[in-house]
């Protein structure tokens, strides 16, 4: 029976692994206790869903600033779960769909998940799924109502489901009552200076002695905290003219920073 | 005639019993006078509908915070009624439907009920049935108007109907004129400290001596009152690593509480 | 010609009498001058439409709090009129219809009425016909515009029509310009203490000596005035455990009052 | 050519005369200079359209309180014009139509008029044509835009058109820019005391000596000014029990006034 | 090639000349420097489009109070241009169309113009094209977006286009960003007293000596400035009873002024 | 493989070059460091996308006042890129389309781009693509949501994409969350006095000695800074009557400036 269930969900699974990887282009770079704790908590949830008979459904939402690493953390947790059904619900695959079509597709993913004994569904960028925009404000109530129901709906007897949502608009989630339907909410912050130091060390693109000054420059030109994704993009840009194997100079770094902000 | 009526509604009845049970996964744990009184009042209503010739229609709404046990109380009352027709109207079975389709389905349930001599209909999570969201605010006026009429509409001569609604948005109900169409409104509160003690004793997961401190920790980390469903979820999570038969330690309990809030 | 007109409208008439009765389950209990005067005024209108050649159209709206007896008074007046065409326009028979369908049905009733020499149409619960809800506020402008026109439209030469509307939202009616299209507006109030005494005496469910105290309890627990329908429901509930022929005790009465409010 | 044009529009004309009469059930009762002047001004417009070569299009709007006699004045002017094409555009004949259908019908009337050498179109109760309601506010912009264009659009070479609009919502007309498209706007007031005296004398329903007191009673119970239509309705009601040929007593009059307000 | 282009657009041209004339029923009466300057500026634009190779597209909007002569000035400039393609885009020919249909028709006119070597398009009464109404405010965003694009869109290589818009709602134009897409905006004012004197002299309807007093009366009864169209209408009305060849008396003039305002 | 990809996108490419040129009718006139820096930054982005393996997607938005040269800068960068796929997404080619059709077309362009190894897409006048208007405000959420997703969506493995947006409503972009999805935002300002001097020198239309005074006149009549496009249009107009080879006089210049503002 379990076998057959596995069989049934394979094709969906196949496509999804690639999707998960696309969220992990830079992998998960170790950057201190905050992120380690986030990863551990997520893996406890995975365990809980797998083991406990009384929690067939668990839902957690990762919220934090744009680019802080929410989608990557969700994807990594899903990948590590080894659950037979893993699926990312993302607006990227539904661009241009009507709200009804989007809602149907989301419901379809949940109904596919119910067929698998163990499933994880990532609701990526929930405000985007909802077609939210602050002017108005506007959003798709059709999709919102579907999510409000789906996140609370128990999978059928003997089936288990972990739901991981991500959002950079926690206040919007709250005003829509969406936070309330998730069992737990975790904050994914932008990087503090000490965490940036760790990332730069790991990436080995500056001479070790330059790293504090590099971080210093970054937080002077920008703000005190910097989201992971922004940091990685800027490094990439600065490394442009640098030959392989060579380190990035502080001059080049400062130049790029000034140019882009 | 009564027999035939019973016959007619059986299939509907059959499916519904399972539904009722799905609202009662943890049963009804005794936790003091407030909840006992709620249960008694509901059973008086059941009796009144069954016995009195002059009250063919009674409607009651259970309102209270998220997770306080409203749906479970409604389901228990319906189950104990032994009425031949019991049906839960829930948005869970209508995810993704258009508002017209939802309204039709709700009307259909009432019209099915009118065929049975004795019926109970649970309107679960009324704000969700209405697709309500505070931003805007938005909701389905089609469904609202249907409910405003259905809750007041007399069943045909010789047929009797009990309607139990649940909601965690009492103020919304009022501003929509929905409270006015229900004959009675009952408040289902979150658990006070003494009530949590009763629940923990009943569940027997802490050493008896630890229970006051366990409740203390809970209300310190959280708020003074805790909804039943939240308490049960957290216990489940804390019990995760605890072996069967063993009690939960206060350390593990505190750890889980801090992690999740 | 009159005969044929009668013939033509018979089926409609047939169904309607039952409807009228369903608004009069407790009959019209005598409760003092205010209600007597309301009944008399309505019967004068009936007479005026029947007799005068210069008033082929008269319209009156009964407004007052929820449950004050508006629909019953309208139904009683219609029943006593003995007009060959009597019809109640109520949202109860149109639950789930689109606003266009509701408007069409309402227009249809008026056009049927124009075929009868003498007609009375009850527009019951006008705010419900309009699908009104205070949040927004929202309502069906299609239906509103139809009503604004229909209530003022003259029946064809030689035909006469009395329109009786009911509403518990007089201020809404005014802000919609609906009051202005009715010729007369009458207020149906909730019962004062002396009127409640009359009702309790008539129903003979308390010992005569207990009645003042019963009313006293009621207005203490509730408000100073109580709508007729609420009073009748609570009496019904209190009488539940009382054996036939026996009077209701003040203790039982107080218990029920406390339980339900 | 003129003959053929007359031929062409005859059927429309035929139906319209009846409609005009239905606005004149009580005729035009003489009641002083204000109304005489209104009638004269309207007849000057009729003359101007008929005679002048340089004014092929004239538009006038009659505005004033509900029931002041606007429609009757418009109908009388149209009837006296003896123009071969006279048509009333009224929401009464379009109840339940969609706004598009209403707009089309209105446009149709104008296009029919363009075929006649001399036409008069009455736009009766413009706010009702626009489906206006103060809550919102809401109205049909489709119909409004059609009117804004139609009232300014020149009839084809050699054809002439007089447009008479009526409205009891002058401020709404202004905020919609509708007043600006009419060439002239005339105010039709409710009756002052001296005008009511004239009306009562004309109708001869009170003893001459009673008339001042009758008017006095009316303005005491009501407001200082009373619209023509309201006065006529109340007289009709008061006359109910009075035998033919007999005068109305001041007692009966006072009774009716108190009953209805 | 030019010949063929001319051929192609002829039918459209044919109909349009009549349209242009219908905007010029009273011709362009000389009334001083302001209007002369407006006419000269417009003719410079015509020249610029015709001669310069670097300005294939020029757009100008005429804004001013209702009736100030905007449409007439636009029509005169178009007529004098002798461009092979002249077209007026006016809501008059599109009454009752859906906003999509209107937008399509407007786009069609521009695409027809692109086929002619030299074209002028008049966008008459832009707020009416947009179905604008201040309540709400409401307007057709479909049409607005089309205009915002069309007014800036270059005609194809070797083709040239002059766009003349008219509007009496300059502030609305601005808040919609429409002013910004026109290259130039010109103000067409109502007539000052000295300009009115010039018009009255030209029309020769008063004795020369009466003209100052006639203007005086006009600005006393009305406002200090009077739009051209209003002045012409009132003169027409006053001349009604005056025999051909005779002058208008100041008495008759005053009477008409008082009657109409 | 690369060859085939080139083949595949050729037709699209062909049409686009013409489009790019239409944005460069006046070419890029050198006018100082600000604009030079903008051009250099854009060409760095082109390089980055071409060379770096880790940045398959780069997005930059050019924002600045109307007519400052945003579209020209974007077009020049795209033209210089020599990428096999270059496409401008502009509302000019979609006038009158429904918002769904526009969204589909935009998505189509992105999906075509994904087939080319190297692509550049210009999203020209984003507020126009969004059908934005300040009144309301209104805009197409369908198109907005598509853009929010498309600008962040990674092209498939081995394909690279540069996105250049332009807008004159930076604040609107921000309130819609659109700025956040672009990697970088660059400001394109209106010309300062020294920059205007450079442009006038380059165009050689004034005697060298007159240039300072010409700029002086311009900034006196207008504002301190003037957008490139406006400056070029006015020069064109002033040059109208000037014979080829001759310089523009300051008198003629002043006259034109006064006439048009």
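By letter and in written order, the chains are A, B, C, D, E and F; residue numbering begins at 1 in each of them.
Definition applied: contacts are C-beta pairs under 8 Å (C-beta built on N, C-alpha and C of every residue); 3 or more make two chains touch, one makes a residue touch a chain.
Everything numeric here is computed off the predicted structure, so don't read it as measured data.
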{"item": "Count of contact steps on the shortest path from chain C to chain E", "value": "2"}
{"item": "For chain C placed onto chain D, the superposition rotation in degrees, Cα atoms, nearest 5", "value": "60"}
{"item": "Copy pair chain A, chain B: interface residue numbering same or different (half cut)", "value": "different"}
{"item": "Chain at maximum distance from chain E, centres defined as averaged CA atoms", "value": "B"}
{"item": "Gap in Å, rounded to a whole number, between the CA centres of chain F and chain D", "value": "59"}
{"item": "Approximate Å spacing (C-alpha centroids) for the pair chain A, chain D", "value": "68"}
{"item": "Where chain B touches two or more other chains at once, by residue number", "value": "none"}
{"item": "Graph class of chain-chain contacts, one of line, ring, star, complete, other", "value": "ring"}
{"item": "Successive chains along the ring, chain E then chain F then the rest", "value": "E, F, A, B, C, D"}
{"item": "Chain C-facing residues of chain D, complex", "value": "22, 25, 66, 91-92, 95-96, 98, 128, 131, 133-135, 138, 233, 236-237, 239-240, 259-260"}
{"item": "Residue ranges of chain E touching chain F (in the complex, touch as defined)", "value": "41, 44, 47-48, 51-52, 54-55, 100, 103-104, 107, 137, 139, 141-142, 144-146, 148-150, 152-154, 175-177, 180, 183-184"}
